[in-house]
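The two complexes that follow have chain A in common; it is paired with chain B in the first and with chain C in the second.
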Partner chain A sequence: MEFLSDLWAVNRITVAYAMVNAFFALSCYAVLQAGFLSFSTVTFAAIGGFLGAQMVIHGYALPLVFLASGVAGTVSALLVALVFLRLSSHWMALASLALVLITRVVVLNAPALTGGVMGLSVPMALPMEWLTALLAIAMICFWALYNSWFGIASRVLREDPSVAACMGVDLRKVQFTAFGISGFVGGLAGVLLALLLQYISPDTYFISIAFTMIAATVLGGSHHWLGPILGAAVYTVLPIASQAVLPHVQDVAAGVVLLLIMIFLPRGLIDPRAFRLRRAARGAK
Partner chain B sequence: MELFASQLLNGLSLGSLYALFGIGFGLVFATMGILNAAQGCYATWAAIIALAAAESLGLPFPLIILAAVLGGGVVAIGVDQLGFQPLRARKVDMLGALITSIAFWMILDSLAGFATGQQSLSFPAWSYPGYMLTTNPIPLPAMQIISISTLIVITVAMHYMIAHTRLGSAIRAVGWNPVAASLGGVNSRTIILLTAALAGAISGLAGLLGGVLTSNVSFTLGQSLMLKGFAAVVVGGYTDVRGTAIAGLLLGVLEVFCGQYISTALRDGFTYSLLLLFLLVRPQGLFGSRGFIRA
Partner chain C sequence: MTAMLELDQVSLHFGGVRAVDNLSFTAPKGMVTGLMGPNGAGKTTVINLISGLLHPDVGSIKMNGHEVSRMKPHQIAALGLARTYQNVRLIPGLTALEQVVAGSYVRRQTSMLASFLHTPGARREMKAMRERALHLLDRVGMADAADVLAETLSYGDQRRIEIARALGADPVLLLLDEPTAGMNPQESAAIGRLVHKLRDEGLTIMMVEHNMRLVVDFCDTVVVVNFGQKIAEGTPKECIQQPQVQEAYFGKRRHADSLPSLG
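Showing the complex of A and B:
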């Protein structure tokens, strides 16, 4: 028993990171499953994160902070969607990356709100119970969404927009909903990260987290809602594990593992199509 | 006036680096549909290879350039064949390629850190022309002239090649649809290899010139080129080389002038505000046309 509690003490922070990263990955997944490659999650996270951090500093209660960050993320996501949905898929990927670069500059040049170069200290640690509860709620929501009209419509939209339109799917509605969900979860992810790190700066919400969270989502599987959560866990544990096994070259090792997974399982670790094919093959026997 | 002229020159030479890098990045994006996060590493590694060649063999400057070009090309072909070809064979969309390029970015950046001993190296003074061509009326550093003229030569050559030669039509055809290009008698595998090598070579050139001009050979070299080169691609439009070149120069000049006359703190702010403006007003870039929609 003592061994177990020691193990928990050592790995507590890793588990917390994996859970916060799961929110980032779920936010990426929300737009990916509707067929959009967009890095704008980081922007929503920055908006939610800095707003939430300011609210915590001014002494607001946590539930209110979470709600406000999520709503701020949603509003910014809908505004972004208004511009991005006019672009073709290639341009949207580029534009969202540009948005991440612009976000950092805005954060740097609004020191009254963001602390500028110095960043912000957040005078409160993230309570583990809150994190667990929020992730559980998020999982239930994404499970419900996956099986809802929206989930089915967005999967059709991803496979073929013309087919989706022919079958009476309101494309704009699905696209805006996808961005709205991404914004809410992204804003929440931003404030959770702020509370976990207890310090945020312009570099917290920048290119590296944008790339790694997309990578985590695709690694876990962008065709099922469990994929991003598993992907975020793998992506969080991988550098730590490779540091234990191969110190000094952990980045190289993590990169090689990511590469191998993508080459051999390009649809990610959790792939509903593969499950269905396997079940069908068993049924045929 | 003299300050203005020499700052203009500084801006143009900085901009030519961004533009060169952007041309390589845009070529991969337009032809293969890959948003290549590892492109900055090509520049870094080309500079490292060139530096190693210069120090161990004592090569003259033209041969150092050749080493960087070859180095960039070889690294690009390696990444393409190891990372992107298996995905192409399985017909995975651009998302998969982006993730493998992120994996290569992590690997190559980390290895570059080891290669330079986690510090910033610089080219020895004898290895490049560090003198001034004239000092009257304004100082003309040879390296700045070299980088600007390199950009002009590459832009003109690339534009001619893509718009007016059989090879260029083949590259555009593969960019449009590799299967249809194959049916039309284009060996798309060869074209993709060639494009990868070309993009790597141009990025490598940007890396070498950047390494010499900024006296910085480390993994941060590729990263800064990547961010600004990317901005040049978005402003200029990835389907046209001329747009990227002009946008890159514009960004360089704006950056230097903003730092000189307005405020150093707002340098990057200026660049990215321009980027935002273009995204809102002309999302298809300077020379892009609205009618051209990729399937």
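Showing the complex of A and C:
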């Protein structure tokens, strides 16, 4: 019994990280499903994170903190989209990377709000129940989106924008909506990370989290909402597992597994198309 | 005889190339209009102009009385235009049925929010759309393939699914860009019969077609273009007998006469 509770105590934090990373990956997926690779989730997370941290410090209730961070993320995402949607896709990826760099500079130079170089301590731990509940809600929402007209339109838009337009899809509207969703989930991811770490600084919302979320999304698969969630879990657990199994070459082992997944499952772990192709092949036999 | 589609002195230049040059023609309501011309004549450019993927430099395009030359594709689609593509453009990863449901996008009545919330009304609508899609697949003879990944089907079958997808929009004007490319004569004739049936139900159709047999058998009126200009317009039989049309397709007689001397 004691062994089990020890095991949970050790792994609880890993599970919590995997869940928070899932929010980051879902935010990244939200724009990717409309055809855009964008790192701007990091910026939305920084805005949601620092706003949420300040609200926690000032004693606001958690539900209000989550809502405010999400809304702040959405507002910033729509403003970003206003500029970014003028760019073609490769340039947008670069511009979003620039935005991540700018975000850090802004965070560093606004110490009144962000604590500057010193960062902010968050006087509250993230309750596991809240994290689980929010992820469950997010999953239901992404399931509903996937099966809605928005989901249908965005799948067509991602594969072939001109075909989507000729079908009557207002491309701009779908793209804006995708950014709005990415902003809400990104803002929420930011405050969840702040509560998990209980300390945030300019480096919290920077390149490493951008890399984590892209890797998790690509790894899990960006063609189904479950992909980013599974990808985040694998990406979070893999380094820890490889440390336990092969302590001396853990980084190499984790890297090799990532490479193998990318080579053999280029569309990610969860790919509805591959699933259907396999089913069709079985049916043909 | 009223016009469903009316092009008036439409020109489009790509740099120095006149892709479409002062082109005027009308496609009458409730008829099948053929758009003919040799390779590179600008037929697909004309289709792209009508569907709003390209905008003319000058000239006007009227569809069902609306000036559409400056509109975006999705606005034109909302006015009742649907199309297929020369090089079949189905969406990878979707089944035949899902392709047609996606094609019905413009016909949806529920708002984005209701659709997201899966309200009873939205669920009913999605169910009705799926049933309708199945019916449309049946019309093009592909009902058996409803749950098959469309990309695994043969080229000819994919073309038929693309036609069903376009019909999903319940259009008033249907543009078919080479609907029978890659089909055998029987399959082509089946497409021709389907086109006739749709016309008899009141749909206006404009199709780009190379197959002379099909043009003569199934088009009510024909426009022939070459180098972006109209070189003939009228009934199919009249058009293909005109010397400038034969010249565009087969070359000049005196060139043919001089061929033996080359050997």
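Please note the rule applied: the second predicted complex is superposed on the first by the 278 of 285 C-alpha atoms of A that agree within 3 Å, B and C clash if a C-alpha of one lies under 4 Å from a C-alpha of the other, contacts with A are read in each partner's own complex, and residues count from 1 in each chain.
Definition applied: a contact is a pair of C-beta atoms (placed from the backbone, for glycine too) under 8 Å apart; a residue touches a chain by one contact, two chains touch by 3 or more.
The structure presented is a predicted model; accordingly, all values stated were derived computationally and were not measured.
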Touched partner set for A:T132, first chain B, second chain C, both or neither: neither
Partner chain in contact with A:V218 - chain B first, chain C second, else both or neither: first
Chain B versus chain C as contact partner of A:V252, first or second or both or neither: first
Contacts of A:V163 with chain B and chain C, given as first, second, both or neither: second
Chain touching more of chain A, residue-wise (chain B, chain C): B
Touching partner for A:N11 - first (chain B), second (chain C), both, neither: neither
Shared contact residues on chain A - chain B and chain C: none
Chain A residues within the chain B interface of the complex: 32, 37, 83, 86-88, 90-91, 93-95, 97-99, 101-102, 105, 108-109, 207, 211-212, 214-215, 218-219, 222, 249, 251-252, 254-256, 258-259, 262-263, 266-267
Chain B - residues contacting chain A, complex: 29, 33, 35, 37, 82-83, 86-87, 90, 92, 94-96, 98-100, 102-107, 109-111, 227, 230-231, 233-234, 238, 265-266, 268-269, 272-273, 275-276, 279-280, 283-284, 293-294
Chain A-facing residues of chain C, complex: 51-53, 72-74, 76-78, 81-83, 85, 89, 91-95, 98, 101-103, 105-106, 108, 110, 112, 115-118, 122, 148-149, 152, 169
Interfacial residue positions of chain A with respect to chain C in the complex: 144-145, 147-150, 152-153, 155-156, 159-160, 162-163, 165-171, 177, 223, 272-273, 276-277, 280
